[in-house]
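These are the structures in question, set out in turn.
Look at the two complexes coming up: subunit A is in both, with subunit B in one and subunit C in the other.
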Partner chain A sequence: MADGKGNDAGANAAEKTKPTLALVAESVKGCADCLHEKLAGSGAELIYFPTLVDLDCLQRDLIRPLSQASPEQLNSLLSGAPYRTATDLKSCAKSIMDGAAAVFAGQDVYLFDAPKSTGRKIEQSETETIITGPHDGFVEALEENLGVIRKRIRSPKLKSVALEVGEVAKTRAILLYVEGLANEQFVTMLTDRIQDIEIDGVSDANMLVQLIDENPNSLFPQYLTTERPDAVVSKLLGGRIAVILDGSPSVFSAPTAFLEFFSSPDDYYQRWPIGTALRILRLIGFLITICFTAFYVSVTTFHYEMIPHTMLLNLAESRSRVPFPPLIEALLMETTIELLREAGARLPTKIGQTIGIVGGIVIGQAAVQAGFTSNILIIAVAISAIASFVIPSYIMSASLRLIRFGLIVLAGILGNLGLIFGIGFLVVHMAGVTNLGTSYLTPIAPAKFMDILDTLVRGPFWALKKRPSLSRSPNKTRAKIKR
Partner chain B sequence: MRRKGIGWLLALSLLSGCADQKILEKIGFARTIILEKAEGQDKALKVTISIPKTNQTESIVYTDVARSFKQAKIHFDMQNDRRIVLGQLRQVMFGASLARQGVWLPMESVFRDPAIGIRTHVIVAEGDIGRFVTRKYVQGGTMGEYIDNLLRSDPATRGQFDTNLHTFLRDYYDDGAEPVATIIGETVEGLKVKGIALFVRDRYVAKIQAEDAMFFSLLRSDAKNVSLFMDEVETPRGAGSISLANVIGKRKIKILSPPDPNRKKPARIVVELKLKGSLMEYDDLLEMNNLASQPVLERAMGKYVADRCERLIREMQKPGADGIGIGSHVRDRMRYKDWKALDWNQAFSDAEIEVVADIKIRDYGRLIDASA
Partner chain C sequence: MKEKLNGFHVALLIFMIELDVTVFMLPRMVAVQIGTNGWLGFLGLSLIAAFNIWLYRLVYRAGQGRSVFDISEAVLPKIVLYPLYASLSLLWLGIGAFAGKSFVLVFQTLSFQTSPPMQIFAVYCLLVYALLAKDLYSIVKASTVFFLLSIWMLVLAPYFFKDWSIHRFTAFFFHGTENGHSLSGMLDVYAVFIGYELCVFLFPFSDAKTKLFKGVFAGHAIITATYLLTILVSFGFFSFEEVKILQFPLIHTLEYIEMPFINRVENLVFPFFLFSNLVTTVMFAFAARSALGRMLPGVEAKRFALPLAAAVFALGFLPSVFREAAALIRLTYFTETCVAFILPLLLLILIKIGGKTSKEASSR
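And then the complex of A and B:
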C-alpha cells in the first residue's frame, strides 16, 4: 500500500516544523480520548489514541520492549522497522490520527503504526443482492475493500493513487486503475477533481460523486456506485477507474453511461440468452416505471379510443365511483406508494413488515371499495412500483421514480402528446449529460454497435472481444476467443 | 438554452388550458350507428345509435329523424347524461335502400373523424333494422358485440378482406377499386352474413351471395387459410362435391392489353390463382389412392374454381363495380392522361376477363378405397 507515504512527501515540500513533545501535545490538546503516558523503564513518552490503535499490538511490539529497555538503548531500538522517525509536525499529527503511536525519546520522535481495524466484517451487500456469483460486499473500511479488489486482480499493474477528501475530515480515498487498460487522461482528470474538492468532509461515495460530476443539477446519477467487488473488478478490467472512499461501502467507477445502471453482475454468470433476456426485462421495467401510470392518466383523460372495448367498460364503471379526475387520482396513489416505500425504508425490519400489511390492505382493497381510486390504477401504480425495483441501482431507481411524477403531470395536461413531449425532453437532457467528457447515452448516441452487444443485450463472450469504447482504453482487445 | 427549454415547457402547459378532455366516466361511447331512410320523408334520415352500458349486457338506444348524422347526434346529446363520442365505434350500418341512394353525404362527418379506428365495420343491413337493436340474442351480449364478433369470425371475411371503415374509404378514394361492405340479415336464431355488397362510389349496386364470398375473397387478395366448398366438380367419372381447407395461395392479375377507348378495344385481363389446400371432403369422384388420378382431380377443381370466379366477375361487370381492384393494375399499365380520360367503371364492364386457377392438393389424409 502506498497511502500515507505519498502525502508525506507532499507535505515535506511545504514548511517543515520539527515535532517536539510540546508541539504534538499541543496539537492534540482537548482530545479527551488521547492518551499521554510515560513508560517506567526507558522514560520514553507515548502519545496515541486508544480508540484508533490496536492495543494488543501496541502492548506487544511497543510498550513491552520499551519498558524493558534502558534509556540508552532506546534510540537504537527505535531506529529500525517497524518504527519510523517523524521529521515533520504535520505529518506526525496526521499519522497519530491514522492510528500510530508517537514515541518521544529525548529529542527524537518516532512513530509506530498500529491502526485498529474497526467496523463490520465483509458480508453480503444489502442493496445489491444476487443469486449466483460471489456474495461478498464492500464494507466501510478502506483497507478491507482494497484487499478484496487486490485479491481479485493479482497484478502489480493495478495501480492505486492515495487521495484525501475533506479539509477537516481528511478522509482517505484511493483511486484504482489498471495500467495499460485505463485511459491516463481520465486518471489525471479524476485525480485533479477529487483533489480540488474544498469541503469540510465527505461521508459517502455517493456524496463524493455529486461533488465531481459535470451536471450537478441533473436528475440522473452520473457515476456508477456499487457495493459489489466483482462489479468493480469488471469495470477496472474494462478500462475504467474506480475510487474507494474510506468509511463508505460504495465504490464508484468512471466513466459511466446511462445503460450501465441497468446491468447487474448476474448477467455474466447466466448463459448469455438469459442474461440478454434479463437486460431487456430491466429496460422494459425502466419504461414501465416512468410511463405506465402516466399512460393510464393520458388514456383515461384524453384517449379513450385506445382502450380495448371490453376493458373500457370495466374501467368506466370503476372510474365512475371515483370523485377525482384521473390526474389527481394518480398523483394521490403514487404519493401513497412513495410514502409507504419511504416509511418501510426508515423503519426497522420488524416494524417494516407491518407497513407492508397495512399498505397492502389499504391500497389493494379499501381504496377501491371506498371509491377513492379505480382498480386499474392500483394495478398500474403497483406495476410501476415493482418495475422500479427491477433496476439494480437504487440511486437510479429513485431518480426514475421522481421523473415519473413529472410525466404523470404532463400526461394529465396534454395527454399522449405531453407524455411524448416529456420523454423527448428527457432524451434531449440525457444526450447533453457527460461523464469525464464522454456521452451519457453511449452506445446509443454516439452509436457503437459493438458496445450495444454489452449494454442493451448481454452478448455471448465470443462476441465481447473489445473493451467498451466508453473507457477509451489504449488496449482495446479484451478477449481473443474464437467461436 | 436550458431556460429556453423550460420556457417552452411552461408555455405548452399553460396554453393547453383549452385541451379537449374526455375523461372516461364522463363520456358515452357509441358502438353502433345505424342509418336508414326515413319513411315518407325526402332527404331525411332515421339515425339510431347504440351505447353499451357498463354491465356489458344492455345498451342504451336512441333513435331520431334528422337531416344528417351530426344533427341527430346533437339531439342524442340532449338526452344522454354523458357526452357521446365515436372513438369506440364498431359498426356503421346502412339500411339497404339508403345504401342504394348513396352513403357518403349523411356519413361524411363520421368518415372523417380521426378518433375512429380501423376496427369499425361497414355493414349493409337487410330487413327490419329497428328490430336488430332491441332484440335479445341467444349468442349473448348486445347486438354491437355480437356483430363485431360475428364479422371477425366469419370465414369469408376473416383474414381475407376486412370490410372495415379503413378499407371502405381506401377503396372509395382509389379510382382503381370500388368499396365493398358486408351484408347482414336476420334469421330466427340471430343475425347472419348474407353476402357482400358491391359499391360504385358510395352507392350499393349489387350483391354477392354468401356462398360466393369465398371465391370473391380469392379474387380480391392472396388466399390465407380459406375454406372452399365446391358443390359440382365435373370429373371424367362424374360430378360431385369437394371441400378444400386451409387453402393458401397467390392471386396475380395480368393485364394482357389495357383498354383503348379510341379504337374501341376492351381491356384483356387474366386473373391467375395459384392455390394449395388440404382435401377434407370428397365424393368418391376418383380413386384417390391412385397417384395418377390426383392431377386429374386437381385440374377438375381448377376448372370449377375458374368458372365460378368468372361467373362472379360477370356479375360484377354488369353494374361496373370493380370490387377486386383490377383497375389499380390497369392504371399501372397506362399513361396518366389516358387513365384520367378513361371511365374505368364502363371499361371494367366491357373488359374481357379470364380466370385461370391452378389448384394443388397439399395433403388428403387417409382415404377409403372406393373399390374395396
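And then the complex of A and C:
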C-alpha cells in the first residue's frame, strides 16, 4: 500500500486545515506541469494544471476578467458562481487535480472549475460489434459514458453515487442504479465493496471487478463488463447496478449469472425466434469450445469403436503419419491456435492479417503434409476456435478457452470418463460461485422458469413481463404487454 | 441473502441420490427376484418406500422441523448417541464408497480393462472432496445441474420402440424367479430406492414454505417412473430369460444404439451416470459429515471434507473386483434399509418421550 496510517492521519489533518497559497503550493511542489502565476491587474495568484484545465475557458472566464479588475473588486467578483470558495486544503488540492484553478485573493481561496475533456469521443466499440442496433460504444471519459446513459434513461430516478478508487490514483467511479428498480441491499453491498478496496490504483473496470468479486480464484468472470451503452441501460432497467470507472471504456453490471455472458444486445433487435436461435447457437458454441477437441482426443485414444466404419478409415490413414499420441497432437495444435490468436491481437491490424494468412497455411495443409497433425484434428481445433469467438464476452471466451486445455488433458488420461469428470469439476466449481450473494448458475440452479425465457432463449416481449429474479428488484413487473 | 432449499430442488436431489450404480442391474434383479411382470411388484416396493418417506414426514411434523440430532439429544445421553453417530457415519461412508467404486469398476470393465481402478477412483474422490467442501446449498445447486446432465438419457428410450414387443411380457405374474420369493430377494430390489432417507438431514434447511416433503415424494415418484421405464424397456426388448442372465441389462440396451455419425453410444452415455453416483456418494458423506460435526462441534464443516473424501477413498480399497463391490453394496444397502425404517420409528418415540419430559418439567 502506498498510503499508510501516517498518511491517513495527514489526510484527516488536511481536511481541517484552511487552504493558503503557501500550503497549496507546497502540496503541488515538484509537479513541473503545474502552473503558478500572478495576474497583472488584480494581483490574484492562480495555481492550476494546464494539462487538466480547458485553457480557452480559463482564459475567457477567469484570467481575462481578473486581469481587468482592480484588487478591490477581486473578492466581490469571485464571491458568486461560477467561482466557489475552497474550505479546506484537502478538497482544494483534489479540485485542482480534477481540473479546477485555485485563485488566491488575499487570505481567501476560490476555485474555478474548468476541466478539460480529454480522450476520444463516443465511437463504435471494437470488441463488441453488432449488426443491428445502436453502434455507439463507451469511451475512456467518465462524463461521456455517464452522458450516453443519462440520454437513454431520462429520469431523475437514475441515481448515481460518486466513488473513488485507489489510494494514490483516486480514480473516479460512478455507481448507477434506478431507484425503485434496484435492490437497495445490493447497492449498499457494492458501494461498500468498492469503498473498501485498498490498492494504489485501478486502471480498468475489468481490473476493478477482480478486486470486488467473491471468488477471486475462479476462472470465470463474475461481473458482466460491456462497452455497449444499450446493454448497460438494459441491465439498469432490469434492476441491476452499473459502475463506470473513469479511464475505462468498460462498464460493469451486477448481479450477474453465467448464462448472461452468452446474450448480446442484438438478440433483442432481432425477431424473437431469431434471437432464440442465436442464443442456442452460442450455447452450442460453448459446448463445442470446451468439449470438441477433448472428445477427439478421447475417441482417438480410448474409444476407436465409437467412430463409424466409413470415417474410421480416413481417420486411421490420417493419424498413421502422425508421430505423437492424440493428447500431445491436440495440445500442440491448440497452443498453435492460441499463439496465432494472441499474435493477431497484439499486432497492428495490417500486420495482423499477415499472421492470419501464415497461420492458415502453416496449421492447414502444410502441417498435415508434414505429418505433424491429422486433418480431422485441424477441423476439430478450427471449429473449437471459431466456436469460442461466438461468445459475445471476450473475457468469458478467454476463460473457456483455457478450461478447454484442462478437459483435453483429462480426456487424454481417462477418455470419455475424463471428459465427464472435467465437466463435473466445472459444475461443482460453478455451484460455489456467487455474485453479490446470488447464484452464478441462475436460472438453472436455483431454477427460475420465467428467467429461462430471457437467458437460455430470447422470449417474445409479451412473455418477458418480469424483471430477472437475479436482481431481486422490489418492482418485479417490467412490462404489461398484451399478446 | 441465503437461497432456500425449495421443494423442486429437493425433488431433483432425492432423484439423484436414489439413482446410483444399482440401476445397471435393476431389470435383472426384478426378473430374478420378482419374476415375470416384475414391474408390478416393483411398483409395490416403491409404495413401501413412499410409506417410509411418510414416516419421515411424521417425524418432521411431530418434531416441528427440528434436526434429527436435536430430537435425539433432547432425550438420550451423548454417551449412547456418539457411538451410534460414529457407526452410522461409517455405514454412510461405506455406502458412498462402494457405490462410487462399483461405478468405477463397471466403467473399467467396459473401457479401461488395463487401468488400475483405484487411479480412476482417486479422481472420483477428488470430485467428492470438491463438492463436500461446499455448503448444502451449493451441493444442491450442483446436483440440479447434474440432474439435467443425466435426465436427457430418457430421450434414448424411444430408440428401442421398434424392436420392443409387448409379447415378451407374458400374461403371467411373478413367475420364473430363481429361488422363489424371499425377503432378502425383495430387499435386493428395494436397495435401488435407498437414499430417500437422507431427507432427514434436510430438515434444518427447510421451513413450511419450502414444501420439503412434496419435494421428497416428487423425487421418489420421478425416480420410480424412470426405473419403471428402464424395467419396461429391458423386459420388452430382451426376453425374460435373457434379462435374468445379463449382468447389466441397462448397459446392454445402450449398446444396441447406433447412429450414423457415432457408434457404440454407451461409451459416451455411460459416463454420464457418474453424476448420479457422485451425488449419492456426496450426500451419504454429507450425512456422515453432519453426524461427525455433531460430535465435534468446534470443527468447521468444511474441514471434514478432506478426511471424509480420504475415508471414502480408503474404503474403496476393500472391493477390488465388481463381485466384491456388489457383495459389499448388498450388505451396506441391507443395513441402510433397516436404518431407514428404524430411524423414523425411533425418532417418533423420542419425540413422544421428549414431549412428556418437557411437559413434566414444565408442570414441576
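Note that the second predicted complex is superposed on the first by the 468 of 483 C-alpha atoms of A that agree within 3 Å, B and C clash if a C-alpha of one lies under 4 Å from a C-alpha of the other, contacts with A are read in each partner's own complex, and residues count from 1 in each chain.
Operating definition for what follows: a residue touches a chain if its C-beta (ideal position, glycine included) is under 8 Å from a C-beta of that chain, and two chains touch if they have at least 3 such contacts.
No experiment lies behind these values; they were computed from the predicted model shown.
> Once both complexes are superposed via subunit A, do subunit B and subunit C end up clashing or fitting?
Clash - subunit B and subunit C, as placed by superposing on subunit A, overlap.
> Have a look at where A:Leu176 lands relative to subunit B and subunit C in the superposition and call it first, second, both or neither.
Neither partner.
> Touch test for A:Pro326: subunit B only (first), subunit C only (second), both, or neither?
So A:Pro326 only meets subunit B here.
> Would you mind checking which one, subunit B or subunit C, touches more residues on subunit A?
Higher number of touched subunit A residues: C.
> Give one of first, second, both or neither to describe whether A:Ala316 is in contact with subunit B, with subunit C, with both, or with none.
first
> Identify the partner contact of A:Thr301: answer first if only subunit B is touched, second if only subunit C is, both if each is, neither if none is.
Once the two structures are laid over each other on A, A:Thr301 reaches subunit B alone.
> Would you check which partner chain A:Gly415 touches, where first means subunit B only, second means subunit C only, and both and neither mean what they say?
In the superposed model, A:Gly415 contacts both subunit B and subunit C.
> Who does A:Ile130 touch here: subunit B (first), subunit C (second), both, or neither?
neither
> Considering only the touch criterion stated at the top, classify A:Phe425 as touching first (subunit B), second (subunit C), both, or neither.
Both subunit B and subunit C are touched by A:Phe425.
> Scan A:Ala257 for contacts with subunit B and subunit C and give back first, second, both or neither.
In the superposition, A:Ala257 contacts neither subunit B nor subunit C.
> Select, from 5-13, 23-31, 59-67 or 167-175, the region of subunit C that bumps into subunit B once both structures are placed on the shared chain.
So the stretch of subunit C colliding with subunit B after superposition is 167-175.
> What is the shared patch of subunit A, the residues that subunit B and subunit C both contact?
Residues common to the subunit A contacts of subunit C and of subunit B are 302-303, 305, 307, 309, 414-415, 418, 421, 425, 428, listed in rising order.
> Please give the residue numbers of subunit A that touch subunit B in the complex, ascending.
Going through subunit A, the ones touching subunit B are 300-305, 307, 309-310, 312-317, 319-320, 322, 325-326, 410, 413-415, 418, 421, 425, 428.
> What does subunit C use to touch subunit A in their complex?
Residues of subunit C touching subunit A: 1-3, 6, 8-9, 107, 111-112, 120, 123-124, 127, 130-131, 134, 138-142, 144-146, 148-149, 260-265, 267-268, 270-272, 274-275, 278.
> So in the complex, the part of subunit B that touches subunit A is made up of which residues?
Counting only subunit B, the residues touching subunit A are 5, 9, 12-13, 16, 19-25, 27, 29, 31, 52-56, 85, 87-88, 90, 115-117, 148.
> Can you list the subunit A residues touching subunit C in their complex?
Touching subunit C: residues 185, 302-303, 305-309, 311, 414-421, 423-425, 427-432, 437-439, 441, 444-447, 472 of subunit A.
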